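One structure, as structure tokens, below. Some questions next.
For reference, chains read A, B, C and D in written order, and residue numbers begin at 1 within each chain.
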Amino acid sequence: MIIVMQHGASKEQVDHVFERITSIGLRYQAIYGEERVVIGVIGEEDLIRTLPIDAMPGVERSFPILHEFRLADREWHKEPSEVTVDGVVFGGTKVVVIAGPCAVENEAMLVETAERVQAAGASMLRGGAFKPRTSPYTFQGHGESALAYLAEARSATGLPVVTEVMDTADIELVASYADVLQVGARNMSNYSLLKKVGKLGMPVLLKRGMASTVRELLMSAEYILSNGNMKVILCERGIRTFEDGTRNTLDMSAVPAIKSMSHLPVIVDPSHATGRSAYIASMSKAAIAAGADGLMIEVHPNPEEAISDGAQSLTLDQFDQLMRELGPIAAAVGREI
Amino acid sequence: MIIVMQHGASKEQVDHVFERITSIGLRYQAIYGEERVVIGVIGEEDLIRTLPIDAMPGVERSFPILHEFRLADREWHKEPSEVTVDGVVFGGTKVVVIAGPCAVENEAMLVETAERVQAAGASMLRGGAFKPRTSPYTFQGHGESALAYLAEARSATGLPVVTEVMDTADIELVASYADVLQVGARNMSNYSLLKKVGKLGMPVLLKRGMASTVRELLMSAEYILSNGNMKVILCERGIRTFEDGTRNTLDMSAVPAIKSMSHLPVIVDPSHATGRSAYIASMSKAAIAAGADGLMIEVHPNPEEAISDGAQSLTLDQFDQLMRELGPIAAAVGREI
Amino acid sequence: MIIVMQHGASKEQVDHVFERITSIGLRYQAIYGEERVVIGVIGEEDLIRTLPIDAMPGVERSFPILHEFRLADREWHKEPSEVTVDGVVFGGTKVVVIAGPCAVENEAMLVETAERVQAAGASMLRGGAFKPRTSPYTFQGHGESALAYLAEARSATGLPVVTEVMDTADIELVASYADVLQVGARNMSNYSLLKKVGKLGMPVLLKRGMASTVRELLMSAEYILSNGNMKVILCERGIRTFEDGTRNTLDMSAVPAIKSMSHLPVIVDPSHATGRSAYIASMSKAAIAAGADGLMIEVHPNPEEAISDGAQSLTLDQFDQLMRELGPIAAAVGREI
Amino acid sequence: MIIVMQHGASKEQVDHVFERITSIGLRYQAIYGEERVVIGVIGEEDLIRTLPIDAMPGVERSFPILHEFRLADREWHKEPSEVTVDGVVFGGTKVVVIAGPCAVENEAMLVETAERVQAAGASMLRGGAFKPRTSPYTFQGHGESALAYLAEARSATGLPVVTEVMDTADIELVASYADVLQVGARNMSNYSLLKKVGKLGMPVLLKRGMASTVRELLMSAEYILSNGNMKVILCERGIRTFEDGTRNTLDMSAVPAIKSMSHLPVIVDPSHATGRSAYIASMSKAAIAAGADGLMIEVHPNPEEAISDGAQSLTLDQFDQLMRELGPIAAAVGREI
């Protein structure tokens, strides 16, 4: 950590900071510039973070030097990680495509969707049983019965399933049906949920919060990793900005950013990021070209009958067509789909 | 709801939209403009919201006309609401000041703080027992023992206490000690938590999420209200923007915005909004002048020893001084403090 | 335009709005919903925009229905436009790569860069003569002498050159050397500059402002187009968000958004968007996969000696390598490079 | 400046950075931490900023330590500055209120407005002659004739006038009529305009750009100051965020932030910040309570006839009423109005 003293900070103030640093067993080195004293703290940075440095008299501000995340850090785990779910590998050569409806509506539509997306080349099925909705008056998901339909669709196709868990009270229930637990964007900073999901040990798909930086996404992953679960797949799904032509703004540079900072696999969800089915093909191609390890795409047999998110769902035929177009892109970056 | 058809939408597409509207028992009226057909849907807007209008062929976009929130809506509850907590009234003439440390560290510091802020004029005590922290490696709060210290501080001073609940599994525990349950910014869209807190019936302090609009804050309040609990106090605590000189950007216009849209009381938290103790006095005055019903301020006997958020805490003396300065502002807007 | 009256608006207020609409020669149609009156205005929308509808008593808000841009609108010009600069076609099958240093530093470095990027496959040379810099104490560009070096580099290689104009007073000077005038992000809403550049008739590269929506970018283009100049190339170069791991946030979905709304060609500048040379390759590939018509990339013979923006410049060798990698991506979306 | 080397940077890379630092006459001091080498550069920071440090091999990132602005910096000019315009003092005890219409529409309305706002206590008149409008098809201001009306209104009332200049070509024309030149939000980073306005020496009202940080606002002020003009008044007028219930988000904490970093006076424009006349009174009070040196408020004799920005204008009576309410707030913070 680097501590910048205020212009005109007194010798007593500087000495006091020195003292606080050594009092917790760390060392320091001071640089006396022409206008300010700058102090470098040497040693375990987590330790110095326990001190409210910025509240000490005479301190202007402080900068961390080291990453706050460790288990997620590529510096210490130099090779990319692979997360395997029932034979499907995230982070390998093959780009993994997860497809399915926003919400599980009934068994028939789910099985039909599963069979069609599988035929088109998808490797995993998505579908919401518990839905986080802005309004309490709209459909909140079919809950456990939807989980059962997901299990049926898996039986029918062999596709592993990913579905969201929103409440710590539901973790075991959801885990008993799902192959991957999804922690949604709205819960990225729900640390209770992250800890409990971490302790369970099942693969987790962690979506970036809409007001969260990439660094904070990695810190949330660290909550899962530090509870003993290394099977974490990250997902960029758009952040909130002033641009109102799309539902969110897809931060495509999060893909190389995550790859450079972490070893964890990362996928992109163009459906939630854009909120518009017309942009999904373009953004799916871009994500693969950018180096993403996978895609999560909303597909519905009849989007205009969808209970939620119809406007951002592809039809089964559109998905077919998209999968055909993605092959050459994957090949162009040395991967397959 | 207003539905705008695409330029060149066919008669079949327009008729199909008509049909979908009438199929759920609503009426419509069409306006044939020079370039586009616009359709107004008449009737219960929640009903039309169940249809994925934007996914229908030929539809360009749709606009809601009515508020999605109802119980929070000032249109239907024209007088401002008061929420009373153990004799303390939010939304009345008196501006309520909640003060206390970010985290409850030990009983002695908490009781000292409670006594001093009470003497200075605060009406309620805050203090975190469960802390949402970005890093899993930093202090997460003392949990139940901190709750017990809060109860001690209440016994010593008579100040009601507000503290955060982060996990649905902890609601009953926290409720057994607290007078007001706080739902923090990171959990504003944790709908499971909102529903369960709503069912409990205790007063709730609901903080605005850092990427949430005022409208979404009111929708989250609606989750509590619609579960039968009308005792909701809203809190503006800063939103996330590109400005990096402050921790967040305090959206002061949220105060008149909430007042115009809703009857619920609203307070401002200048500590989290700015992250800098030097700006708290200025923002506290501004909040009262803007019409806020209260303030929530972090105060610590010794900020440079604080376990968390020292940089945004006032000392006890600074808080004393601030309270003296707030009186004339409150008087200038016809209130007291 | 759709006008939503307030809940409880009086008959007089509604009649007054009717009157104002008809007073400027337009027609209207009213929809009487259960809670509100909604008025559709029929006729030339620019006319109704001259009225301050939202300030009329009883009006809650109003929505435009039609695009405010016309000449840029794809509805009226259904085929994509091509902009040709000295044989280089933007918007055709070939993806155009513009490369060169952030600032023109001297003739030798510029000619060397031009020759190398041409050999690698670039079609146009970029280089700043007038530089918009946050600080008045940093390098502001070599001005006219830099323009002369650009002309030299063009003579040496045949590459057309694009360079920024910042001041209406410099337009003719810059135009006398450049093949394409660049209007930078900071000047996207400098309407005086846009008008004068529009009147000149030379090809213009218009960069998106960092706080501007795609719609506003198209409105700024409209300033150029409506002054008689149809040779406009748009450029996505990142917008300002809370994410601080990159210089800006590259809004990749602006590519399909622009393509769906407008016929104008659009290119992507991954150098300014990310501010990090390590992410340029990934974002360049993504941009082509997303459907961009070109790229603008900062290249410097020795980035660590660059006077400005070294951290986001590729070396000549890195650019070579990147161009080789882009070929297969272009082919995968049916284009060449 | 602090330079953080990458984890694993080689001795050669570190030595190379040392060399570059000393090659421009500066000194350095290195801190060898457990994981990284950190280098503090000692001496004139502007000098080190000329080197593209972040582009040097082995460098992870660099932090500035000193402010980039100097003449605006409160560290070197510890007392607040006053800017006097024809007897009106910005930065003194009296809170200065500037009022007037968004655009100058005709002489009668302007003189009427001037007389009424003067009677209500305003000290200066605003009015746009050149209007920056998103659409080229909307009213662009009456130009020079509007300037003449402003001069008439000044003659009639004695109120000094402030009006916007958008084009370097118009500076002398506008200066020949105005008492204060306004540089609008869209031109805050139009450095050519800033330089030329700086050279002129007239008082300048510099509005914060909607995507600009407070630090960048001060850097833009520095362009004016460093050209020899110390008469700069800053203006907070809202920044662009995701919140769409207001036109922009008024960053009220910019007031104490500017006061702590700079000696320049700062005013607030609640009209543009919120875009809603209903919120202006609340935000005006808050601005004064926060410590602002003045307000700029849009007032129109008949907002629903206004050519632009009617929805955010107060009527003359509303302005009267507001001025009466502001007095007690000013008194509560030891000022008058």
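The rule we apply is simple: contacts are C-beta pairs under 8 Å (C-beta built on N, C-alpha and C of every residue); 3 or more make two chains touch, one makes a residue touch a chain.
As the structure is a prediction and not an experimental result, all values here were calculated from the model.
S.K.: Hey, which chain ends up farthest from subunit D, C-alpha centres compared?
M.R.: Comparing chain centres, A lies farthest from subunit D.
S.K.: Of the pairs B-D, C-D or B-C, which one shares over half of its contact pairs with A-C?
M.R.: B-D
S.K.: Using CA atom averages as chain centres, what separation in Å is found between subunit A and subunit B?
M.R.: 26
S.K.: If you average the Cα atoms of subunit A and of subunit D to get two centres, how far apart are those centres in Å?
M.R.: 38
S.K.: Between subunit B and subunit D, what is the gap in Å from one C-alpha centre to the other?
M.R.: Result: the chain centres lie 31 Å from each other.
S.K.: Using the touch definition from the top, which residues of subunit C touch two or more other chains?
M.R.: 211, 240-242, 244
S.K.: Provide the residue numbers of subunit C that touch subunit A in the complex, in ascending order.
M.R.: Those residues of subunit C that touch subunit A are 211, 213-215, 239, 241-246, 249-257, 259-260, 273-274, 278-279, 282-283, 285-291, 328-329, 331-333.
S.K.: Residue numbers of subunit B touching subunit C in their complex, please.
M.R.: Residue list for subunit B touching subunit C: 2, 4, 7-8, 29, 31-36, 38, 40, 42-44, 63, 65-66, 75, 240-242, 244.
S.K.: Sort out for me which residues of subunit B touch subunit A in the complex.
M.R.: Against subunit A, subunit B makes touches at 20, 46, 49-50, 52, 54-57, 68-69, 132-140, 166-170, 186-187, 189-193, 195, 209-211, 216, 219, 222-223, 226-227, 240, 277, 303-311, 313.
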